[in-house]
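Here the structure is laid out as structure tokens; the discussion comes afterwards.
To keep things simple, chains are lettered A, B, C, D and E as they appear, and every chain counts its residues starting from 1.
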Amino acid sequence: MSVETFEAAETGGLTSESAVQARTPWQLFWRRLRGDRVALAALAFIVLLVLVALLQAPIRSLLGLPGPNVQNPAALDVFGTPTGPSAEHPFGVDTLGRDVFSRVLAGAAVSLQVALISTGIAVAVGTLLGMLAAFYGGWVDTTFSRMADVLLAFPVLLLALGIAAACSGAEGCAGGLIQPGIGTVVFTIAFINWVFVFRIIRGQTLSLREKEYVEASRSLGASNRRIIFREILPNLVAPIIVYASLLIPQNILLEAALSFLGVGVQPPQASWGAMIADAVTVFDTAWWFMFFPGTALLLTVLAFNLVGDGLQDALNPRSDR
Amino acid sequence: MTALLEVEDLRVSFRTADGVVSAVDGVSFSLEANRTLGIVGESGSGKSVTGLTIMGLSRGESTDISGSVRFEGDDLLAADDRRLRAVRGDDIAMVFQDPLSALHPFFTVGDQLVEAVLVHRRVGKGEARRRALELLGLVGIPAAERRMSAYPHELSGGMRQRAMIAMALINDPRLLIADEPTTALDVTVQAQILELIRELQAEREMAVILITHDLGVGGGGADEVAGLYAGRVVERASNEAIFEAPQHPYTWGLLQSIPKMTDERADELVPIPGRPPSLIAPPSGCRFHPRCPYARPSHSRIDPRLEPVGAEPGHEVACLLPERVRRNLWARLRAGATPAEARGVAEDPVLDESEREAAP
Amino acid sequence: GDDDGGSTEAGDGGGGSAEVGAPVTETASDAQKGGELTVLSAGDVDYLDPGKAYYAFSFMVLYPMHMTLYAFEPGNPEEAAPMLADGDAEVSDDGLTVTVKIKDGVRFSPPVDREVTSADVKYAIERAFTKEVTNGYVNSYFANIKGVDAFKKGDADEISGIETPDDLTIVFNLTRGGPLVGALSMPITAPVPKEYAREFDSKNPSTYGENQVTTGPYMLDSYRPGREIVLTRNPNWDGELDPRPAYLDRIVFSEGNDDATVASRQILEGKGMVSGDFPPPPAVIKSTVQGDTKELIQFNPGSGTRWVSMDTTRPPFDDLNVRKAVLAGFDSNAMRLTRGGELIGDIATHMLYPGVSGFEEAGGMEGFGLDFLSNPSGDEELAAEYLRKAGFESGKYEGPPILMVGENAGVDQAAAQVAQRQFEKLGFKVNLRQVPGDTMYTKFCNVPSSDTQVCPNVGWIRDFADPETVLGPTFNGNNIVPENNVNWPELDDPAINKAMDEASALTDPDERARAWADIDRMITEQAPLIPWLWDKFPTIHSTDVQGVNALWNQGSYDLAYTSLAGAGS
Amino acid sequence: MTDTLMSVSHLTKHFPLTEGVVFQREVARVHAVDDVSLEVRRGETLGLVGETGCGKSTMARMMVRLLDPTSGTISYEGEDVTAASGARLKRLRREMQMIFQDPYSSLNPRKTIGSIIAEPFAIHGLLGSDGARRRRVQELMEQVGLNPEHYNRYPHEFSGGQRQRVGVARALALAPKLIVADEPVSALDVSIQAQILNLLRGLQRELGLTIVFIAHDLSVVRHMCDRVAVMYLGNLVELADSDTLYRHPRHPYTGALLSAVPVAAARSTVRRERQVLEGDLPSPTDPPPACRFHTRCPKAQEICRVQAPPLTPKDGGALAACHFPLADEEASAIVPTA
Amino acid sequence: MTHYIVRRLLWIVVLLFFVSTLTFVVFYLLPSTDPALLRAGRSSDPEVIEAIRVQLGLNDPMLVQYWNYMKDIVLHFDFGYSYVNNAEVRDLILDRLPATISLAVGAAVVWLVLGIGVGVISAVFRRSLVDRLAMGGALLLVSAPVYWLGLVALLLFANDIGAFPLFEGSGSYVPLTEDPAQWFASLIMPWFVLSATFAAIYARLLRANLIETLSEDYIRTARAKGLSERRVIFKHGLRSAITPIVTLAGLDIGVLLGGAILTETVFNIPGVGRLSYDAITRGDLPIVQGTVLFGAFFIVVLTLVVDVVYAKLDPRVRYR
């Protein structure tokens, strides 16, 4: 027992402890998330929502409901005001005699689609530009940062309204590239959001850039490209996920707000925000028209917020709820 | 002489998501006025927690504390918050490792000093200010008047630590706990600060607990040294004994892994192998046994107690090796033998005898 | 003008079926003087200048302030009575000279204070031809005055065809016959003092509107665009010279009440308020009619007609069979429900609407009995038949998508969506773009060169009691202009154009009615657009208001006749 | 072949401090390194010591071309490094490697140990096949005392000492001639520190490495280095063989540094007077004129304020930049090693 | 410091210039109303329309139009003329401003009081029932769209249609100068609705900040001095934790001064947000540009104010 003892002692501590620790940072993260029952419930709700949005047609036919855009004047009374929940229309109908339940389902698809895609684009663009700005500094940074300053100086909703309105014209905008409707809303939200991502990623990259492992990589002769994508980016994944998870509910709300103000998703396509807007004229007499889309919106945003909180806690061991 | 501070069987554990961390696990020591106790140990061995617990600062929902901390005969662990607050900053004061984070960034140094006076003394603002100025002068801050209105970040590291010490001493405490007061500082500044503490202590007959991971710092300044390993005291000895006749393999390791400037260039240092143990599931038996080159299989079963060493007064060690073997080993190591070489002693049949003795 | 502008009457034929909410056209006998009335409106006036204004709401604001030559009294939308004029206009036998006398002693409000002369009327009409003023109807009804072209070109300082032989006489010399006499009830005939107005008219655009002087019972107190217009009594007004009672002391137009539900509720539950430019939404109509406050709502027949227009110059709507198919399959009932159901109007069966002379001659409520207009809820089989005739074997339209441009707010937005659905039912793929109202007109529907094929939110209301004001601007091929075009279907049928030219020159009212009824038939047979509603624009007022409806002006309240109960005490 | 591997002459690095809302303008400059000349001999360990902020890391980073000097030159085997770029720079980078101070931040937490050590091969396109790379990486791991089976683990699963071994393995991967180690042990506990020091010395012997070893702990430097350079506020103040420097320090600053080192020995056995330096380190943005140490120097005189002393040989063999170098008696009064 | 502010002010000017440029570009794309046709009224005389075009400069290249627009703003503080509204944009905005300021400032008071109060209580009684309820409620409010909340509030509490008619005069804003009591009555519900989300965000943020601050070393120092727990939390803890809140409040108020579009819409408050929203839906370009510039102005100015205040609050921050 000479050298062996030494070696065993050297590695012994490690093996005994690695039994306690998980293998990868992700496993660690999963373990923490698994303990967060509220977040898991919220996640389950979101999964359910996605399924419902995807399977809306079969669900409708199962319940024998009309499509979201089918107008049924017969479901209105002689004054043209909508009728409330009934066996035929579980959530009642809207002012055009369309089934509110079907439209709430269709609205879920729109909300999720818009929020996920626009957040994805914003995060991709913001991350890329943020990394480049922080990494290269100098005029690259000055250009993007000042651009961000200008955008941040805008009243957000006004800018959104403006872009959305500008792109809702018959021709669309950016030379017809962005067509009115969902495309426009996605573009608008992404355009507004990338700045926030940019600022966060830039800040993070500025500090990551100073990390010794970046220096180490550089001293080994790594190219800038390699450093950005192999060394820095993987370390941004966690903050990106957290931030994206917080952006998604905000963007669901933003889409709804734009649609509420009439520049979002174009009729007749269903959107929760637009439904609430349509309900404004009858909100005191046809409570169901406002209540169901509003509740769907509230629950969805809440679920995303809960998941976001959960992710944040799981990725940041210091946080403490 | 009765001890100013008596700590007995202090145990502190934290309930965390990963399990219960027993940070301090049965620490006892006592300290008299005008004496300095050095607490040394590797990172995570429970030094800070010990210091904080004495002041009641580690209390919390998920903390379990047992044992006793008697200050002038009064058990602080049993004291209520009110009593504790009266002691803190008045009878017992503490200096922390990183003065930049330990000083409030939004208040001036002066305000923070004055506040410390006002909590415990019924004096006016002006009187408190005078006292603060006096202390800043005492700890060697030049242009104290001007520094009073400076914010912590405007001072250099050394100045900050001096301000921190001034704050601790402002109510003439009888016990000063200094938790790694110089770790964040350069050698030259470190020397200044240690010198300062020493001078002030002599002036005020204050007891000092000097927490450090550097035996050099601890040794130079302390009358008595306690070596902490995984929340336990493994050896307690006078300044003289800890360097000249240490009894615990852990202490040997600490001593031998430091390159010595005074020696000729040695070929090899003798590190302690492995790394500090987990405090959630600490090793069984002697906690040091996985890293101990002289451990016997039985050491993983038997938990050593802190026992007096031979005739030396105040020297205690918690080691399962027989004293004779320990002395033998240290003599060889000191003469330049590597642990492997020294381990020849382990083949000594006497050792096996001890093995039998120790077995239950 | 279109459904926001113009003047009107209400024919006796106007759907009297509804018992609830018949319009009040006479002042209550116990009406008291005094008090302040608040008119809630969503929008603002288009212009405050009597020379420019062309919205119904603007007329509502302007008439109490001004004495036009002639004006409609609430009870009689058929015939305008003299107001500033002293008796009926004298028309020469050839119809080319029109002479009007004006009353003696009518005075302008401060700061002008002097008496009105015929020159002031002349100036009022002249300025409407200038680019600083730019009036919307002057070219339709006054362009046949001699010397107008020279004046417009700047070759003449005055219009030579308007003569003022003395201070109280004004003579119009015309180049050809036309509806001038009827048009003398339009606001541009309200006198404008040249010496005072010139300063404001020299600015471009003219600022006379905010600084106008008046001859009616009220004058402008203050104007905050989009927020508020306040009228107070005109101290120089002489009740002896003006037939109107003018009970109120002060009239406040409170604007920007975009939420019709909220505004309606405020009126119905508040005091001293009437509705201005918005109809109460269906839910409010329902609760009012069903509750015990029926008397607070009026449905005003003859408030215009609503159309879904199709561009007859480009495919697929250049094919008469396709157009007929669309009309046949269209569910006008569903459209009507967006505005409140049957109370708010009758389903249209032809172009002239109840209350316009010629309506009865054109078949009245039944119309011409055309098969494709016979089923108000749409007849999909008939539609399929016409589509097959147009070459779509399946009975469904199969061509490329069509572009529909509608309004983006309120009931019009809903109507556009219903219209979209109706087209889709027949197999059309519809790209519906919903844009602001002004944009819809100025960029799309009023621009023949735009790609817009269907405009679901257009409509028309007569300017005065003459069928030409309904059919002339909107279906005469000669009236198609590159911008601000209101012949939305771009119908350009030589036979119709010719018939219109002839009918226009007629002076005998009965002859005119018959001639224009014939034209109505010719147009309706062409199915250029879907007439889906003859509007009975609803108005509401507070319990203490005795509102009197001016049926000629989209049924809006005639404020010079309206009074407040208990105001006197 | 000369004795000198790298020579540094008149090396200077100033960092501009800028301000500005949009466009930045310089308001001050940090004199991080000022006119330093020295050479690194083949096979030696050159120590670089000094207080925080004296420019040690800046020197190190310039040596491996992580920073471009403001002025001065660095030549490596006679070739000017300062001008190198592109392929030449990439080739040079294979010759010299760096080991970093912080074992936590010097390893990318998102990568496995294996891929961290293999990174040099990936960057330089060496050992094409995965298998070959893996074998080599495991050899390296073995060489630095890591269990090769831990190839796929992440840094957070390792202790500070083990991580530092990973850093060493990465530095060794390309078989460099020069290794610049910037405070490789100062973040470690003493017990672990000794493991790494032993490793470095073993490797140097085995591979014939040249090491520039930066530390602020003078006992560690003494243990590791053949020659030692002492820096103060961006200046090189003393340069000598290790033994010479510790026995016969000539610069008062060196004396003060050595005097301040706490010694792990019983109080009764240490007999010396500690010389505690007065005052704080001056700001590097506005360093004192002439001899930068004069504000804190116990021996300073008028000339020190006006004339910068050159780096010249002094009694006993050390090169020191001082007008009034310490005599042996002065040194032995305050320095435990003298 | 003065130096710094002057430089920041210059940057603000530049920023506003870029904002106006971007607005011009974005809104130039709008299929807006044709001002010439609007001016022409219902007149369809092509010559008149053309004359108006020339006169309004609509036939000029975009750059020239832009130049003229900027010139008027800079030289005459003239934001153009709205042909839809027939009024000076500047006057329209100034006319609407009091309503918006009433709404924003009142709401800010409400949300700061609520947010800070709840945040502190939650942080101090961390993990208690109160904390859990407060944070659950906060998350719910953060998730609720403000306009929906407004409608629900109206349904519940409005004096005319509400189930519990608590608040007089909701939906009928009256200027403060006209009738203070009615002004207050008409704003109380909008204040609460508008501040709901903010209060929730602030409470969450303050709680997190305070908890984090309370684990700082300097809090341990404060305790080691023997300070009472109350003093530790309120003096030492809150002092640091509240600083970012102040920053945030400044920025949020800045944004709201540019118009709280959704709340103004739901409660029928004639503010700037409403004006700009109407302008957008009507394609009234001059008003849109004017309101955007106004909004941006408030944002950048409050950003500056916040930065200056922040530097006062946090001595570590230096002006650069």
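Going forward, contacts are C-beta pairs under 8 Å (C-beta built on N, C-alpha and C of every residue); 3 or more make two chains touch, one makes a residue touch a chain.
Because the structure is a prediction, the values reported are computed rather than measured.
Colleague: How many steps does it take, at the fewest, to get from chain B to chain E if each step moves to a chain that touches the one before?
Modeller: 1
Colleague: Measuring centre to centre, with centres taken as mean CA positions, what chain is farthest from chain C?
Modeller: B
Colleague: Could you tell me the distance, in whole angstrom, between the mean C-alpha positions of chain D and chain E?
Modeller: 54
Colleague: Would you mind pulling out the distance in Å between where the CA atoms of chain B average out and where those of chain C do?
Modeller: For chain B versus chain C, the centre distance works out to 95 Å.
Colleague: If you average the Cα atoms of chain A and of chain E to get two centres, how far apart are those centres in Å?
Modeller: Using C-alpha averages as centres, the distance is 24 Å.
Colleague: What whole-Å value do you get for the distance between chain B and chain D if each is reduced to the mean of its CA atoms?
Modeller: 31
Colleague: Send over the residues of chain C in touch with two or more other chains.
Modeller: 259, 408-409, 435
Colleague: When you check chain D against every other chain, which residues touch at least two of them?
Modeller: 22, 159, 162
Colleague: Chain A: which residues touch two or more other chains?
Modeller: 10-11, 13-14, 146, 168-170, 262, 280, 283-284
Colleague: Could you please specify the touching residues of chain C with respect to chain E in the complex?
Modeller: It comes out as residues 1-2, 5, 44, 46-48, 52, 54, 131, 134-139, 152, 204-205, 209, 224-227, 256-259, 262, 265-266, 269, 408-409, 435-439, 441-443, 446, 481-486.
Colleague: Okay, in this complex, where on chain E does chain C touch?
Modeller: My answer: residues 31-34, 37-49, 51-52, 55, 82, 84-87, 91-92, 95, 160-161, 171-172, 265, 268, 270, 274-275, 278, 281-283.
Colleague: Going by the contact rule set out above, which residues of chain A touch chain C in the complex?
Modeller: Counting only chain A, the residues touching chain C are 69, 71, 73, 76-81, 95-97, 168-170, 180, 262, 266-268, 278, 280-286.
Colleague: For the complex, give me every residue of chain D touching chain B.
Modeller: Those in contact with chain B are residues 51-52, 159-162, 189-195, 197-198, 201, 216-220, 222-224, 242, 246, 256-270, 274, 276-277, 280-281, 336-337.
Colleague: Under the stated contact criterion, what part of chain A meets chain E in this complex?
Modeller: 146, 149-159, 161-163, 165-171, 173, 249, 253, 256-257, 260-263, 273, 276, 279-280, 283-284, 287, 290, 294, 297-298, 301-302, 305-306, 309, 318-321
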